[in-house]
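Below is the structure I would like to discuss, written out as structure tokens.
Chain nomenclature is as follows: A, B, C, D and E, assigned in order of appearance, with residue numbering initiated at 1 for each chain independently.
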Amino acid sequence: MTARLELILGAVFAAVLIAIGLSLGDKAVIDVLMRLSIFSLLALSLNILVGYTGLVSFGHAMFFGFGAYVFGLLMQTNAISIPAAAAVTLLATCVWGAVSGALCIRLTEIYFSFLTLAFQMLLYSVIAGWVSLTGGDQGLMGGIPRPPFLGIDLAQPRQLFVLTVIVSVLSALAIRQIVQSPFGYALRMIRDNAERARFLGVPVQRYKLQAFVLSGIFGSLAGILMSLYVSGAYPNFAFWTLSGDAIIMIVLGGITVFLGPVLGAVLFQFLNDYINRITEHHGMVMGVVLLVIVLGLRKGVLDVLDEWRQSRKPRPEAAP
Amino acid sequence: MTAISRTGLNRRTLMAGAAAGVLAAPHVSRGQGKEPIKIGMPTVLSGRFTVVGDSARGAAGLAIDAFNAAGGLDGRMIELVARDDKARPDEAARVVRELLNADGCHLLISSSTTAGAFAIQEVVRETGHLCIQTISETSSLTADPKIRLPNVFRGARQVVHDAIAGASYAAKVAKERGLKKWMTNSPDFAYGRDATGQFVESLKKIAPDTTIIGEAWPKFMAPDYTESLTQVLTSKPDALFTAHSGGDIVAFMDQAKLYNIFDKVPMFTPNLADLTSIKQIKKLPPDVRSGTRYLATYPDTAANHDWHDAYVKRNGGEPSNWSWETAAGTAFLLEAIKKTKSIDGKVLAEALRGMTIDSPFGIGGKLTMRAEDQTLINYAIGWGSVLAEPPYLKNIQDTDWSEIFHYETEWKKSKGFI
Amino acid sequence: MNFDALIDCFSASACVVTQISSGLIIGMLIFMVASGVTLIFGVLGVVNFAHGALYMLGAYFALTAYWVTDSFTVAVLAGAIGTGLFGVVFERLFISRVYGADVLSQLLVCYAFVLILDDAVKAIWGGDFLSMGMPEAFALPPLMIAGGFVPPFYAFLTAFAVASAIALAALLGLTRFGKIVRAAAVNRQMVGVLGINTSLVYALIFGLGAALAGAAGALAAPVRSATPGMGFDILIESFIVTVIGGMGSIAGAFVGAILIGMIRAFGTVGFPLATEGVTFAMMAVVLLVKPAGLFGKAGR
Amino acid sequence: MSDELRVQGMDVYYGASQILFGIDLAVERGATVALLGRNGAGKSTTFKAIAGVAPPRAGRVFMREQDITGFAPYRIARRGIGYVPEDRQVFPEHSVEDNLRIGAKPGTDGAVHWTLERIFEVFPILSSMRGRMAGRLSGGEQQMLTIARTLMGNPDVILLDEPSEGLAPIIVQQIARLIATLRKEGVTILLAEQNMHFCIAVATSVAIIDKGQIVYRGSIEELKHNDDIKRRYLAV
Amino acid sequence: MTARLTIDGLIRRFGGVVATDNVSMDFAPGSLSAIIGPNGAGKTTFFNLITGKLKPDAGTIKLDGVDIGGRPEADIVRMGIGRAFQVASIFPRFTVEESLTAAVLSHRRQTGSMFQRFPLPAATARAKEIMDLAGLSHAAATPSRFLSHGDQKLLDIALALALEPKVLLLDEPTAGMGPDERWKMIERVQLLWRQVGMTLVFIEHDMDIVFKIAQSIRVLRYGSVLAEGTAEEIRTNQAVIDAYLGTSLEEALA
């Protein structure tokens, strides 16, 4: 698929989402679509690392929390506009991502996972412990001011909804561009066989770090959108359970297909919300669903479809 | 048939779910009669605080059953939709939005713990729905004008009230017994910090010769207090204040028992005289003073005994502090509905401001929703010595609400709230 | 921060003894859980995220047994054996399906069980917190050692954990079973070729790890109230301990657990609000300087 | 004499690539059969398939006329097949004695022919190193140890995969002597080798494997005098 | 004619074991040489030393007169020494065409770009050339993990070719293949060598193959060079025969 076609499809998709949300005029639909946009973006951003670079981060929520808190705190100063605060937040994310990433990517496999977890919990304990700044367990209180900018008033739920969808879809397109670029394929080489990639002249460590930072930036952006949506920021945003949820999302949907994380985010939210509505024993139901997917399918939903599609292709005979 | 429903999984729901996929489409379950009035209740129904949700749901259900049995609002029944917020603020915000937007709830009883309560506050700030907070006792929720909302009322006790009541009682005991050096040991989260800070502040005012010689802030929900208990041993205070509650205070005392800390050091806590906590304490130290949380015998009135028995009959377990708070909040809401025959949030809010109702939990059988800050006052609050056996608290000294008001005003001024 | 208090504490033997003993107690319970985590990782190559849930099961089994029999000994046995048996079944039915699978699958299978077990406990025992209370035999005044206080129950608990550590070390180091286990950790296939049913060995090891967690839960029951989800904190702590000590090293888990215990015990005196951050920072530093942990073998 | 071990039409694959093509082999009780072939001819794979480590995709394996195809390695071992892999695979951080103890089990008849004492008699070099870490042994000593460890399991058949590989001539001689001793003990031996002279010294009959197929079967005497076979399949 | 690759006095020890013991040899430009020797002779170690995966303890490795001994792998690759592995080292989830295109991009230092789309047409064109050369065009769109074993090894070689090496080292190109596949493989390798005109060195166990295609043969044993020569010379060299068949043990056992 060409970039232009994707852009058009993305625009159509965003337009459809917005049309559905606005035309139904139903707040519930808007709510659901916003959360799905945000979590899809979080899952997509994580998949840059897990699916494309082969680095399993257990600490991805640190970027989500980082974005939400930095942005929220900046806005609460009442001295800065929303786009400026978002820009500063993303810049800060770059720095934090580069520092933590430079350390994390020195390790591989489970050790990488644990180090990302450690960094995340470090951030979490700062958020939870620095009560005077962050409000501790109560989160940022008093709401996040949303002064209008460029004629956009995000205090209006419908405008916030439109913006969230547009930002998410644009980010998804950007992530798509990154993973389909020569750089994205270099990441795939690292994932598939880092040793071989190195032997073909790919600067493996540098690219890993770049992937870590990029993934962090989009994770942080998802956090910013979330803080606007709930008008606050909570320590849970940086807690490892959210990292776990993000991992579940991408594993549910599939890590080898670009839209797998999106489907996963949708499935996960659906399971979470729906099971919660119908039974108090949502833990058991969710647990069983997870077991069925992990032990039954052994892959995410889209992974299974992709595998099936590929396996149907005629295989060539051995070289003549 | 109870009025509590978990939004029945009917065919329509399933089909809507299938058709709309993840868009959990709004579905209003239409019964035979009139459309019910739906009250959404975000609360904790899983994990370590399940007891909170169970208490709150049981209490609200009891009140709503009675309301419906009496014919509802001109034949319109009330349906309570309780949903798990997993004690997470972000999930609480989501659940509230879902209750309002997808389930079409008209009113809210928020029985979330403090962090969730503040998150819900932010949602209803936006949506404007009427909401009764029944679990969070954190003072700023209604005391701080920046956080307070015209559409949110607190049907729960308030930390600053408890703190003043506790400090007033503690000051008297301190004078009698010469308890000068105090230590605190409380969980490091909003309620714990609040309850402890305001107690200390009030104590210093009421009994200026007391000093705080040490404080410990175990992580909230930390299962282990050993290191902070041994700190008590080392510091040798005259008395100790703690704001642990629920299972934590039981663990705290079990662990303290191992060091015999409270053999010599009297312990003060607002949270022990509660049926769900005190019954779990297997060995009670000799000198423990507690505020009343919920006891069937305090206030020692027929109304309270009857309520207790009705609760136990309907829900099985003993009611807790969270039960009476939710019962009180629900009673205000139902009374306002009855009185105004409306479910319009603005109309109800107007009626609630300053409303006084008959209640087993009030001083002299009356509870008041104070107009100025939309919070509950005049509930029965007293301190006494904890007993291992019923009635669990002896020598209860009722707190004089005028004293509470006096120091509360001072406190509000010091915070710049008024 | 209050470093004066810390210095004061270090200059008083009473404070030192009391805080060291409290650090030991905290550490020993973590060790009981972490030793299972590290054992299971070292031999089976699986990071058991469900280990905290096993600790919870142990506490509930113990509570139930205590209510029925009124015997703490039976309660501890029930916690350990019940959880151990559960572990064997869990390993056979579920964990054995993800050996060699990517860490994501392992994580999710375990996480699914955390959800299921937390919920099951709530369904069976109810959501309210439950407390066992101190068994009669330990309802004694604390011992005085060099001016410091050491409760008899904690002395017992520490002794139990140390005895477990020694028994575990002896089992792994001295018995044929232990030698087989260590050999299987290095080369499972060769052990199988020698006629040993390694599937059984794996199940037993998982069961042993589970039993240790169950015993820890049972030992904690008299002093900690049991609730669904109670295994969460100790899971994280035992991960930290495992990573610091070295994944797969029992000795590392022991040293790591004491280290964490001491940081918490003295941290409460000197930097009460930063102890958690310090432990995570320590984990990060150890991972960076020696990724395999203090006692781990490099390049596992 | 009946066949102790018999392999029929065995195909083995690694992933998509086929390594063995219809291998047939029979080892009579008490015999020492050498499986000769160059590097990569399929000797090790044959052994792995018999031992259950690389289960065959087609064909059958019989031990004393009982079908053991597809059994888990430990069950195959308990049927009396001892397997000594080519890369030795001692447990490097266990002592020599512990390595031996891990391998200990009674034979299929329930009897224990090989005790530590007997092992140390037959392998005096191991006796003097019983406390040493196996990883610290020289290649030849490790080879001795793996053979001894397998003997501790009192096997009826022992599969020896290239015991002489990479060892100094003096050690190779010791191993050859050891195999002769085992034969006297009545142990049935299937031996994989590249070293033809070694086989000539110790084996009773020979099969040659090349490119995954058995290409020759015969006695040692025949092989000795068949230069064509030697050149085609074994030499350079 | 000066040699393309010159190795002089190369030594590498592992603990007490000398894996490469004073090895000296040189390879003329455009030559096709085989390295043989019994297991454990140090063949793969020798390759690892040349490609920089291992650092030599002593000796020099010169490519066109420039010492490359001990440099990082990535540098040596870029200087023109390519390598294929004993176990095909490929990118399992890439198709053949994607693998080669990515390799070409890497060779051209174009993998850093995030604003273009993979594949860049120029790189694809070059990848197709290499595919044709390697005889993999029929499998262009097949994910590598589904390729036959032989094609996987060919792809591994093709990846090395994408770097346009002056010297190509192949570690057992026919390992793990069936009899027919081997011949096809080695004919393909021979063809490649002729068409590209590079210096090719391969490790091989199949003597038929070695004798058929190698211009010169080096025999390693216990880490040192046992013999060097043409097929006929090696075939008749007594030391080599002994190394392969082993010396007689009958006397020793008598």
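Basically, a residue touches a chain if its C-beta (ideal position, glycine included) is under 8 Å from a C-beta of that chain, and two chains touch if they have at least 3 such contacts.
Since we're looking at a predicted model, the values are computed, not measured.
K.L.:
What chain groups remain joined by touching if subunit D is not counted?
P.N.:
one piece
K.L.:
Tell me which of D-E and B-C has more C-beta pairs in contact.
P.N.:
Higher C-beta contact count between the two pairs: B-C.
K.L.:
I'd like to verify one number: the distance from the centre of subunit A to the centre of subunit D, where each centre is the average of its C-alpha atoms, in whole angstrom.
P.N.:
Roughly 55 Å, centre to centre.
K.L.:
CA centre of subunit B versus CA centre of subunit E: separation in Å?
P.N.:
Here subunit B and subunit E have centroids separated by 75 Å.
K.L.:
Between subunit A and subunit C, what is the separation of their C-alpha centroids in Å?
P.N.:
Result: the chain centres lie 33 Å from each other.
K.L.:
Based only on mean CA positions, could you tell me how far subunit C sits from subunit D in angstrom?
P.N.:
Going by mean C-alpha positions, subunit C sits 44 Å from subunit D.
K.L.:
Multi-chain contacts in subunit C: which residues touch at least two other chains?
P.N.:
118-119, 122, 273, 276
K.L.:
Can you pull out the residues of subunit A that are in contact with at least two other chains?
P.N.:
In subunit A, the residues touching two or more other chains are 129, 282-283.
K.L.:
Name the residues of subunit B that each touch 2 or more other chains.
P.N.:
Counting only residues that touch two or more other chains, subunit B contributes 45-46, 188.
K.L.:
Please list each pair of chains that are touching.
P.N.:
The set of touching chain pairs is A-B, A-C, A-E, B-C, C-D, D-E.
K.L.:
What residues on subunit B touch subunit A, complex-wise?
P.N.:
Of all residues in subunit B, those touching subunit A are 6-7, 9, 17, 21-26, 45-46, 83-84, 88-91, 93-95, 97-98, 100-102, 114-115, 118-119, 122-123, 125-127, 138, 140, 146-147, 188-190, 193, 220.
K.L.:
Write out the stretch or stretches of subunit D touching subunit E in their complex.
P.N.:
14-19, 21, 38-40, 162, 164-166, 169, 172-173, 176-177, 180, 194-198, 200-202, 211-213, 230, 234-236
K.L.:
Hey, which residues of subunit E end up touching subunit D in the complex?
P.N.:
Residues of subunit E touching subunit D: 36, 38-40, 148-150, 172, 175-179, 182, 205-207, 211, 234-235, 240-241, 244-250, 252-253.
K.L.:
Would you pull the subunit A residues touching subunit B in the complex into a rising list?
P.N.:
26-33, 35-36, 129, 131, 136-139, 141-143, 157, 226, 230-232, 234, 236-237, 266-267, 269-270, 273-274, 276-280, 282-283
K.L.:
For the complex, which residues does subunit C have touching subunit D?
P.N.:
Residue list for subunit C touching subunit D: 176, 179-180, 182-183, 186-187, 189-199.
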